[in-house]
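Here the chain labels run A, B, C, D and E in written order, and each chain numbers its own residues starting at 1.
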Amino acid sequence: MQPILKQTNIFIYMSSLSLFLTVFLTGISLVVAGLGIAILLAPKSFNLQKGEPYECGIPTHGTSWMQFKAGYYLYAILYLMFDVETIFLFPWATIVRDLGYTGLYSILFFIVILGLGLAYAWKKNVLKWN
Amino acid sequence: MSSVSKYFSGLFTGIKSLLFGMSVTWKELWTKKVTRQYPENRDTLVISDRWRSELTMPHDENNEHACTACGICEMNCPNGTIKVISQMIETEDGKKKKILDKYQWDLGMCTFCNLCVLTCPSDAIKFENTFENAVFNREKLKQQLNHEGSKLRDKKKEPLAPKAE
Amino acid sequence: MELKNVNIKGIPTAEFNDNEYLENYIKELEANGVNVVLGKIDEFINWGRSNSIWPLIYATSCCGIEFMATAAAHNDIARFGMEVTRNSPRQADLMIVAGTMVHKMAPLIKRVYDQMAEPKYVLAMGACAISGGPFVNSYHVVNGVDQIIPVDVYVPGCPPRPESLFYGLMQLQRKIKVEQFLGNKQR
Amino acid sequence: MENIKKLILNTVKDAVIEEKQKLTVTVDYTKLHLLAKTLRDNAELPFDTLVFLTGMDRGEELGVNYLLCSSKDLSKEIVLKTGTTDRENPLLYSVTDLFETANYNEREVFALFGIRFINNPDMRKFFLNGDWNGFPFRKDYDANPELNPLNLESKDIIDIAPRIMEIDGKLVESTVNIFEEDDYIINIGPQHPSTHGVMHFRTSLDGEIVKKIDVHSGYIHRGIEKLSETLTYPQILHFTDRLDYLSANINRHGLCMAVEKAAEIEVPERAQYIRTIMDELNRMDSHLLAWACQTNDLGATTAFIYGMREREIILDIFEKTCGGRLIINQNVVGGVMFDIYDDFQKDVKSFIIYMCDKLKEYDRFFSHNVIALGRMIGIGNLSKEDAINYAVTGPAGRGSGWSCDIRKHIPYALYDKVEFNEVIRTEGDSYARYLNRLDEIEQSLHIIEQLIDNIPEGDICAKTKAIIRLPEGEFYSRVEACRGEFGVFIESRGDKFPYRLKFRSPSMALVSAMPLICKNEKISDFIGIGGSMDYVIPDIDR
Amino acid sequence: MILNYSQPLEVTNLTSWLDAALRSSLPEFWVLLIEFVLVGVAFLAAYAVIALILIYAERKITAFFQARFGPNRVGKWGLLQSVADMVKILLKEIVKINRSDRFLFFAAPFFMIVASMATFGAIAFGKGLHAIDFNIGVLYVTAVSSLGIIGVLLAGWSSNNKYSMIGAMRSGAQFVSYELSAGFALMTIVVLAGTMQFSTMIEGQRYCWNLFNGHISSLIAFIIYLISGHAETNRGPFDLPEAESELTAGYHTEYSGLQFGFYYLAEYLNMFIIASIATAVFLGGYMPIQVKGWVAFNGIMEYIPSYIWFFGKTAVLIFLSLWVRWSFPRLRIDQLLNLEWKYLLPINLVNIVLMVILVLSGLTLTDLLPGWF
């Protein structure tokens, strides 16, 4: 990192966290302000059919909420498995240069097991979506 | 083993087909655009003479047309777009004669099938290619084709315009 | 707002059809009187609204194909900024009724029109939508979509060529441009 | 055919056989099913394709005409006629178990004539709402608009179908639920970007998988056939254009041919040339649009624009020739309305060169795209037997390996003089239908190439009487429209109006096969299959 | 504070001058407060302006791909087209939907906008134009950007509409899949760069972009990141939750007016965010092209302001994404999941090991050719 950048960067005085808050609030205020103007100024109208769900012009049959299929859950479980791994791997990835080959071997074991898990799921046709 | 090689050959032929597809769009990015820019090109826009979008009754400089009010066009119109309203008058030599009073035509109903023009025995009407007809009011589309105070042209004269054919 | 200030690129105001309708419309709207500031803001808003008409294509027959031709490369409706066709009535500003309306369809088009968000417009494209066209004598055909929903612009033809549709869309832009958005008290 | 006559008389002794334009057999309605089954199962020459099913109001009698033909040789045809004199509660026997395609046709006949069919599994009205008063195609229909006022209130759709079954010789009226109690039903159409118009598919889903489709139609039922009964033949012509507007010229050709055959009008050679060329241009125009829409249904907007771009050049040629773009009013009884313009040959030839080039581009751009292949190969399989049973003709039928090109089987115009291949694929999936269309464009180019330089001089239209009257009788004509076989049936009673006019719509057969081939496919494939079938709704609803 | 005269066009000059001016007259607290507000306003403006420009650019480029002209009647070359759209959509009625889950329905656009805004804040637009710079920047971006999918999911779920419902289900499956690939692809580069902080990562690419530094491995990671990033933004050919030709308007079918406008806005912004993260991670972010030893050349390159470099590189990636979008048909849900779980994920796992080996055995470009970089 170059010292010149440090000097010219005003943000150095603010902590990143408060900046995150700023950005977060900016996002919220954008939505609030926008919706405020829209609700205040936009024309309104009412008729009996306006709030009905749009389904190609035909009244909806029954409720719209449906159960998610089991297929989605299988993917979700697989995802969970790998996502946890991501969290473990990120810190490792940052310092793998310093750890050297030891780092590689120790985590390789981890990756291989996950890979085998994926291969198993593949073989069991979990990855076949239907 | 074959499934492994299938896996990789599938991957590579897939990527190749996608790249081919992208090469086509890349080429099209640089080819000349085909858009005809109406209304900017209004002065140069050429619509085929045969294009039918408005029925007219040609009048000559004496405000005379060729319609004898025979009603054949009205009879031939499949959906009643044309109404020929005639009136009986007495000519100087005492004969009763039918002349055109109003020639009404509904642009909003016409299907441009050309039967009226084809069957007109005196070539009194023809289709024009003026296509700028959109209006705000439905009544505006009901038109009267004969001008105010117009008369039937003397038969001996040549018809003003030959039929579009 | 005066009609001669309503400017559409490419066609002078005097060459448009049906100017008297718009003049009457302006008179009617201005009966309440609008202050200048609101008038100016209105002009800006109407500029935005008239140049961003996102259509919902209620295509039932032949005219729908002509609309597709209008959207395609040779005519390119995108030049007017109207290529963002929305299939959901919530997001559309203009319903282009392209094709015959029959009795069985009538409740549906009414429903879709009702579900559109304000401000909304309707353009009747082609003889069928205007009056029933070739099928005007049929037992099952509605003689004009204006019997079901209010229509703003009529584009005659069977089907109208793409340029005719553009002309109709420009007519609609003119109509939007003379409207009062903030100034209108009965909003 | 002598064997067939013998067979008919052996099966039904009191059948009346007449030699009209087609071999016509009249039987009692109780015997019809037996006769149809015998003809279908006849090993030597099976009459296994139901081309027409026409409801008739013969005055005293309400009846149905069936035109059967053999799937091996489409020119072998038999007309079966039956009817009942009970106008209050007309009942006939269904042939749905023999020909699947009869299902929707019988429902149509019920809606329009009020004839109910025993053993048809689903006797809801097809085009009209269930509460429509009267049967519009009957001659004594009361057209008073107060009986059927314009209704603007949306109503829930009730998925219960009445039916009438024959169980142990007794007629039992019952109802059946179309869907199960807890089905997740979603309406695709009528106002939907990808139903190619206003088809309404009521679809029950299991996740993303289509479990069952219930087809609703009639959102553009305009009563063209009824309107035609009050119009002269030249006036009716403008309706044919608005049936399947994409093959407008070919439909018109079909009606002109029926009238010309009946009135014995000779069409000049030059007119035949122009007709054939225009038909093929029209076919390319339609196939290009079909290609464009199919790609758009699969989500490739750019391909859609490319297809429409090429199509526009054909439209320009149409516009210069006939003054119309989509609906061109070219064919008239006795010939064509407009002669070709001066540069016609030049324009068409340059288009042929351009189009050959573009076909290669389509091939590079889309035909081998790995995503597109995955969405077309093996999707929407329609076997040859099903294609015949559902009477699916055109590129879709030929994609299932059925040789059903009318231009080859019953040549008309100049199709027996030009050389072209009937494009047939046996896979029966979306991809076969897709490729068939592109190949047919190539064949059309080939046909035009052979004709364009040889257009003879002469009249473009035969002289006809001012008012065309057809002699008494029944007249059929069949042409190969862009989506399959388009047929015209005219029953004339010697008047200047037809007594009954019926159009055989190719799209109806395509849609009737949709519930079959979409079953257990994903919802996105359902849209893709729709694109590959390429139906046009006004053609179905008429 | 010494102004850096070699780079007169940098915005840093302005910000540091502003900072100094404020500090000279106000107490610390007020300075910070004013600066925070200014940052917020700047982000708001940048957010809107970038979205408008992108909408215009996409419509124009799409048109050029499709042999037409695109918007050209509103303003010169149609430049004001998206402004008109914005005015229109701001003043469009917001429809209340019966029997919807009101709270979730209302909250969904917040998720969408806040997620994209929070990710937007982590982008390094130029030297010193970099708000949120956590030392776990990469992880932060991965985490925050996935919030947007919750917006999609909620919108689809709460709308009481069957099309939306199917759209929501699809977006769920899509998100869980492609989030992984994007994360792994970024991780590959983290291995190479040895840091998760964006500023450090960008500075480290002064002479050799990560894309070249890790050659094979980086290239694979780059392609995978572009694909999965593209998929995460729900744009064609991965626009299944929207799927116009199947689900009319997918998860936002019931949204009207500005609520829909927010989705429209966020869609474009997400495209920009993915491109800019790819720029930062693979293409050296705002760093100009520099070659060791070529002093004159480096000077000239340095003279071009860093934000120009950033936007230039991002624009190339955005163009790439548009090019892909307008070339291919839409994937089906099982194709989409196949692509992820059978192709991208296994390749990714192998690739990350490969990268570690490259790094540890000194096979990266900087190690192989030490004099050059």
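In this text, contacts are C-beta pairs under 8 Å (C-beta built on N, C-alpha and C of every residue); 3 or more make two chains touch, one makes a residue touch a chain.
Since the structure is predicted, the reported quantities are computational estimates derived from the model, not experimental observations.
For the criterion of most C-beta pairs in contact, the winning chain pair is A-E. Distance from the centre of chain C peaks at A, each centre being the average of the chain's Cα atoms.
The chain with its Cα centroid farthest from the Cα centroid of chain B is A. Averaged Cα coordinates give chain B a centre that lies 51 Å from the centre of chain E. Chain geometry summary: the mean Cα position of chain A and that of chain B are 57 Å apart. Residue positions of chain B with contacts to 2 or more other chains are 18, 21, 24-25, 28, 33-35, 37, 47, 51, 78, 111-112. For chain C, the set of residues that touch two or more other chains comprises 9, 72-74, 76, 79, 87-88, 90, 108-112, 115, 118-119, 134-135, 137, 158, 161. Contact of a single residue of chain A with at least two other chains is seen at positions 41-45, 49-50, 52, 54-58, 60, 66, 68-69, 130. Across the assembly, chains come into contact as A-C, A-D, A-E, B-C, B-D, B-E, C-D, C-E, D-E.
Remark: chain B residues 13-14, 17-18, 20-21, 23-25, 28, 34, 47-48, 50-52, 76, 78, 111-115, 118, 127, 129, 165 touch chain D in the complex.
Considering their complex, residues 8-11, 17-18, 21-22, 25, 73-76, 79, 127, 130-137, 144, 146, 151-158, 160-164, 166-168, 170-171, 175 of chain C touch chain B. Contact residues on chain B toward chain E in their complex (touch as defined above): 7, 11, 18, 21-22, 24-26, 28-29, 31, 33-35, 37.
By the touch criterion stated above, chain E contacts chain B in their complex at residues 64-69, 72, 323-324, 326-328, 342-343.
The touching residues of chain E, when paired with chain A in their complex, are 1, 4, 10, 12-13, 15-16, 18-19, 32, 35-36, 39-40, 43-44, 47, 90-99, 109-110, 113-118, 120-121, 127-128, 130-134, 136, 138-139, 142, 157, 159-165, 169, 172-173, 176-177, 179-180, 183-184, 187-188, 190-191, 194-196, 199-200, 203, 248, 253-254, 257-259, 261-262, 333-334, 337-338, 341-342, 345-346, 349, 352-353, 356-357, 359-360.
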